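Chain naming follows the written order as A, B, C and D, and within any one chain the residues start at number 1.
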Amino acid sequence: MRTPDRNPGWLSDDDLADARRRLPMLYVEAVPVRLDGQGRVTDVGLLLRVGASGGIARTIVSGRVMHGETLRDALDRHLEKDLGPMAFPQLPPCPTPFHVAEYLPIPGDGMYHDDRQHAVSLVFIVPVTGTCEPRQDALELTWLSPDQAASELVTSEMEGGRGALVRTALAHLGALR
Amino acid sequence: MRTPDRNPGWLSDDDLADARRRLPMLYVEAVPVRLDGQGRVTDVGLLLRVGASGGIARTIVSGRVMHGETLRDALDRHLEKDLGPMAFPQLPPCPTPFHVAEYLPIPGDGMYHDDRQHAVSLVFIVPVTGTCEPRQDALELTWLSPDQAASELVTSEMEGGRGALVRTALAHLGALR
Amino acid sequence: MRTPDRNPGWLSDDDLADARRRLPMLYVEAVPVRLDGQGRVTDVGLLLRVGASGGIARTIVSGRVMHGETLRDALDRHLEKDLGPMAFPQLPPCPTPFHVAEYLPIPGDGMYHDDRQHAVSLVFIVPVTGTCEPRQDALELTWLSPDQAASELVTSEMEGGRGALVRTALAHLGALR
Amino acid sequence: MRTPDRNPGWLSDDDLADARRRLPMLYVEAVPVRLDGQGRVTDVGLLLRVGASGGIARTIVSGRVMHGETLRDALDRHLEKDLGPMAFPQLPPCPTPFHVAEYLPIPGDGMYHDDRQHAVSLVFIVPVTGTCEPRQDALELTWLSPDQAASELVTSEMEGGRGALVRTALAHLGALR
């Protein structure tokens, strides 16, 4: 992390790889949902993404918080990156996450894991009112009913143990059977 | 409560007065807010109402839950009653209130009081995107900045101790200084 | 509800049956848990009870809030009634329930149901540090691991749809897989 | 961050200073409270500490999360460091913080600030049942009533804007007037 540069918050790939071995990395994540007129969840949006190992896995909106960036700005940035500019997400009025996911590099050492790093993720539920056009490495966004999203079939396909996170989101919404 | 009628959930004034002396009454309440594009609260909406004693007091959206009515339906109904049909409130995706206010008939016996009854109120924060036209006994809706709404001047004008409730709502929104 | 009596909050069986057809009844419920030294849930306590239909069903601590009674007092009273005087429950510092369960008399009309009434229940998680000796109509308290408590086998045995409530409690505790 | 060492999570002072300019640092904080038998907060514990500028300031339990350390472990470690080994804190059953405090290095840029770094802090309320003996740079722990702790006099003495955090904690406990 000694490379001189003008924006000290910018990290080279080497610096970032280094930091990942030395510090917990702060993430924000979002579970996209569609609501009916009374606020009840009707659909949960899951992304299909090409995973680190080359296989296809399901995931949610996810990304790192940068130095000097507020959580709301980070959430906004990653929602646009993963869902496109026409998703019209409703950012949460309450800045406290409904869940904190701790991703540890050692498998089996907790609910969630991430081979590359120790990441701590503040997870939010974000209603989406527009049209999602996944970009970058996200291939597709699939809308599932709450019961489908919570099913063993779907949760077992999710990256890093995030199936538990989707079920926890549905519980928070009063929609987990 | 023995009056025969077709809809057993309907209560005459006498029956209701009776019930209020015998059972805790279930209420829903809502603090209307306006948000900026990132979900930050910019304004809090307080109602002016002619109080029981004839004076004018500030309050929030408030009303009883009927037999057989879901909390979402009750919230929806009272938002429309107090804010008019063009308020376009966003009902909360999470059905758990951010706060429960216990109104006891004996003053000084708690944070909140109500001379008429023992009421237990599930309180929600509701973003409003349209135009509010207070109806019935609500005279006016005033939009205040978070700092104004939390000020001693404003909170001391609120009915039944609801100043504490407005401060608690702002704390929940990360906007209480 | 016109019977003259000294304590107007007392209801005869007839009055209570009447009220149940006319008003939503306010309940408090508690999911008893055991924690390890770091606050992680190790066990969930479920009661075995003889149900209305004569069969045995699993349930949690549950009871009505009386007129003039605070939620904390009601929770305390029902914990002692259902778990005995040596359970040493830790009442929650935060008075907001983690979940609100709406029991409607019409089956299939929601997540939870109760043939007798429309009940709205504020549900809390209560760590228990002593010895539980179920009393009255509760036959036994069984301690289950979080995974057992969330299993289909156990949740399907629970009264009124409370299996969803137990899963929601585990999600809130970060312990739902 | 290139110093070779056996424990990659260990950071030299230089490395840490570097990281603080490049990445948001993850913290846990705790508001110590005393409760009565029904879970109501009776006292809030504030630390007196010699601040960076040499003056004495009030603060709460606070510290960095290390690489590979769970949030519960970090909370436990900092509670022992700041309150001593006989405090007997009750770690929260729910791993979600009641509040997230974003400390930005630029004063006036938000609710909280920290000259040294961009820190994101997950804040918990922790009931304490034993005897606190502050250690290291904490001089003293003072127990204040909820009304005293929320007063302008006390909150204005708190480091980094944490007066807002104490009021938010009291709101969460249903004890902010």
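Assume a residue touches a chain if its C-beta (ideal position, glycine included) is under 8 Å from a C-beta of that chain, and two chains touch if they have at least 3 such contacts.
Given the structure is predicted, the values throughout are model-derived calculations rather than measurements.
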Problem - Angular offset of subunit C relative to subunit D [C-alpha, multiple of 5 degrees] - result: 180
Fill in the blank from the handout: Between A-B and A-C, more contacting C-beta pairs sit at A-B
Fill in the blank from the handout: Cα centroid separation, subunit A vs subunit B, in Å, comes to 34
Handout entry: Where subunit A and subunit C are represented by their mean Cα positions, the distance between them in whole Å
Key = 34
Practice task
Would you pick out the residues of subunit C that each touch at least 2 other chains?
Solution key: 95-96, 98-100, 172, 174
Handout entry: Of subunit B, residues touching subunit D in the complex
Key = 99-100, 111, 163-164, 167-168, 170-172, 174, 176-177
Practice task
Name, in rising order, each residue of subunit D that touches subunit A in their complex.
Solution key: 1-2, 8-9, 11, 15, 18-19, 21-26, 65-71, 95-100, 102, 104-105, 110, 118, 120, 122
Problem - Contact set on subunit A toward subunit B in their complex - result: 33, 35, 37-41, 72-73, 76, 90-96, 98, 125, 127, 172-174
